[in-house]
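Two complexes follow with chain A in common, the first pairing it with chain B and the second with chain C.
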Partner chain A sequence: MRIRVEVKYLENVEDPEALSIQRNLSLLGYGNINRVKTYRVYEFETSLDEHDSFEEINTISEKILTNPVIQEYKIEKISD
Partner chain B sequence: MRIRVEVKYLENVEDPEALSIQRNLSLLGYGNINRVKTYRVYEFETSLDEHDSFEEINTISEKILTNPVIQEYKIEKISD
Partner chain C sequence: MYDIIGFDDEQLKGAGIDLGLTLSEMQSLREYFIHFGRNPEEIEIQAVAQAWSEHSCYKSSKIYLKKYFSDLKSDYTILTMEDDAAVVSINEDYAYVVKMESHNHPSAVEPYGGAATGVGGIIRDVLCMGAQPAVLIDSLYFGNPENSSGILTERFIMNRVIAGIRDYGNRVGIPTIAGSVDFDESYNTIPLVNAGCIGIVKKDKIVRSFVNKVGDLLIVCGGRTGRDGIHGVNFASKILDKSNEENKNAVQLGNPIIKEPLIHAVLEINDMGIIDGMKDLGGGGFSSAVSEILYAGGVSAEIDLDRVLLKDKNMKSWEIWVSESQERMLLALSEQNLKKAEDIFNKWGIEFSVIGKTVSNENLVIKYKNKKIMDMNLAFLTSGPIYKRDFKPKKQTKVETVVREPENYRDFIHEFIQRPNICSRFNIVRQYDFTVRGNTINRPFIGFPNHETHSDASVFKAIENSPIGISVTSGSREKSVDIDPYEGTIEVLMEAYKNTICTGSIPNGVVDAMNFGNPEVPETMYNFIESVHAISDFCKKMNLPLVSGNVSFYNETEMREIKPTPNILMIGTIDDVRKIKTPEFKRENDPVYLVGELIDSLAGSEYAEVFKSKFSSLTKADYELLKEIMGKIHDGYNAIMSMHDISQGGLLMSILEMSFGNDLGIDADVSSLEGNTSTKLFSELGTAMLIEVDSNMEEHFLKIFNGIPLIKIGKTLKNNIIIKDMGKTIISENKEILRNLWEHGLDKYI
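On to the complex of A and B.
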């Protein structure tokens, strides 16, 4: 089963990479970019069924991929 | 207009972060993960029309966000 996890910064938290990209784009003359956001996406292929895959990937996302103080994650199934 | 750019490693190129996650998950007892891939996603909000937005984001993706020797990117419109 293939599962996708999207990790992003919480709405009220600064995204340092996005801010740096936006600043540099502006310096390089790309002044029409009003906002930049970044996400990190992880795609997992497991040998478990749907229920166990979601349980395991959920634990991994919470414990390893995300810092819950500043980030949130979203899990979705891509294919069986 | 909101545009999303997904940057990932080319199929035949090693993804060092994915390999390291997979190795660590295995050490932590998550042995049912057969494969990990990672992507970086950038979301841009521009004050241009669709044609100019795609042109500008395309240039930015090619010149700044992607290393074409090892990565590829995909651009899509999210909303007006």
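On to the complex of A and C.
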């Protein structure tokens, strides 16, 4: 079972990495970039069925990968 | 909109809860506005709520800080307890600037951003005195790393706090050279993050945290103002609550990539000598910084809020005023110098805006969208209430402590040296860049490269064309302070003092970062007062100035609070960094002496933690002996090969740490010490330290140290650690086996 977890900052949290990228793009002449967002994507391969995989990855995402105060995450199955 | 002047007490109380103000505070607010016959605007109410919070106005602690700390100056201190950071003279031309602050509450909610912005904030405090930030210090207190009862596990908190310090410090290019990491269950879900910074300033470039010129422009530069970081201060003064949704706005990640050029720009403008006053925008945002810079200088201002550069166009006026968005500085300069500043800001790509002008008036006036939205008396707004809270000692039942001896010392020591409080800090500190800028002479780790041991205090070279060094050490002993707040705090100070003199430095200044629970609880208030009293007594007797400080209350959850944690940052000076002494053994066959008094008690020790032994008192230590010891160290300097203090983990850990940095061990016999084996090896109290003496100069050493308690415990040898007591071998082992266990103690957590 392959699972994809996408982590991003909540709307009201400033993303310094994205701001730096945007700023540097504009210095390089890409003046039409109005906003940049960075995401973090994880892929997991499990030996569990779909239900148990989602449950386990959900716990991992909640406990280890993210802090609910600044981040949210989305879990998806990867179909081959 | 609040109808404050029409509210009865019940309604006032309700409105106060939202703002974090008490009924009596709301009543004085009502009185003020009744006098002017109008209701306050929202921004006025919010400004008062910020200014009168514990975090901003120190309403619970001020009275005691004044009582105990006001006369702790010295002839070489330039500014203490006055501006945003302390300024202390180094030599004729240069001074160091120092400050330490807590960032505990933000770090509990969002450890990465909380710790990072703690570092960012302390850098600004030093920068705003006109100083080049030179080194960073971090003292961290975490819960039991196995605990996972909170929303965030302790491991998550610990790893993210460390990552926040690492990322901010490393990216901004200031070395993190000293600090401490302690573990205690009382910090479960309530980590403490105390960040310190030392900067160097030329004496003629010192900038004050006030403006007293009328007609000066107020300029904000650096990051933009956003909705992030609203109500950080009020939230720092509230008990952490699991469901506190508004906490979310208070969270920020920090942006060192903006900070770095901001530091350059501010220092370049300062070099031109055109800054009349400067403050960083930290807790309370504009509301605190603008009011304080004006009030301290005896002027006021008219602010045009429309001119503030915003991240988010839809912000309300009060949100702009209290936002704690990071990376912003507030400068006051005269109109004719604006162009010069502008050129430098443009060169470094720093955004700025002129937000107002100083006037000679008693009221602070703010305009927004062609409307006057604030017109308040600065003195009323800024001074805030002062409380004399109830205090009483904690009820202690006297416990007779029976101390157990381990069944097998070798096995016990193997376990003991892997404990989180005892083992090496490599996994944490090696993430930090502690050598960037090239001035770190005595690093946090010292000895054979990549096979080091812990050093006592870090030392950096302070001034380009001079060999003068500044030593830095920081930490606390919360387990001792919890037993006896007065004597425990003395132990904290003694450890800092010992760390300093073990490098050959001379203690020069003390900075306190006080972390306590709820000041409305009389026992907590008592602990605080006793702790402050101890710092005052120690500083007076040891002729040390207390130069700056910080108080953080409400470090608690709904169920419990932290152990009282006065964190002490001690600064020392050494006239030549090439003369630094380090703790690792240097040579075979050198005699090793225990110097000073090791108190025959395991109170507050890590050993007592292992056996869960309880203590109800601490033995008084004769700390003035340390002054004498320091004098002797300098008289017999050349006879000393290495030095290390005895603190956490006791004599055993001191011996081991001295042997871990080189290929040398010790053949020691502790029979002539007082007490039983466990107290001899594991007591952490008193003035004691270990000195390796040059075998060719032993007689000279003994002559110099005549009159100081002195016990020869053994001599250095190749590779092995042998410790005997009363004819029994406690341990006899290759030091590498022990070092390996010590080195990897934190591996399963970090």
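Rule of thumb we're sticking to: the second predicted complex is superposed on the first by the 79 of 80 C-alpha atoms of A that agree within 3 Å, B and C clash if a C-alpha of one lies under 4 Å from a C-alpha of the other, contacts with A are read in each partner's own complex, and residues count from 1 in each chain.
Rule of thumb we're sticking to: a contact is a pair of C-beta atoms (placed from the backbone, for glycine too) under 8 Å apart; a residue touches a chain by one contact, two chains touch by 3 or more.
Quick caveat, the model's predicted, so the values are computed rather than measured.
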First, second, both or neither for A:Ile60, with chain B first and chain C second: first
Touched partner set for A:Val36, first chain B, second chain C, both or neither: first
Contacts of A:Ile78 with chain B and chain C, given as first, second, both or neither: neither
Touching partner for A:Val69 - first (chain B), second (chain C), both, neither: second
Partner with the higher number of touched chain A residues, chain C or chain B: B
First (chain B), second (chain C), both or neither touched by A:Ile21: first
Touching partner for A:Ser47 - first (chain B), second (chain C), both, neither: first
Touched partner set for A:Asn12, first chain B, second chain C, both or neither: second
Doubly contacted chain A residues - partners chain C and chain B: 64
Complex interface listing, chain B residues touching chain A: 6, 18, 21, 24-25, 28, 30, 32-48, 52-53, 56, 60, 64-65
Residue ranges of chain C touching chain A (in the complex, touch as defined): 109-113, 148, 151-153, 156, 160, 226-228, 247-249, 251-258, 311
Complex contact set, residues of chain A against chain C: 10, 12-16, 19-20, 63-64, 67-70
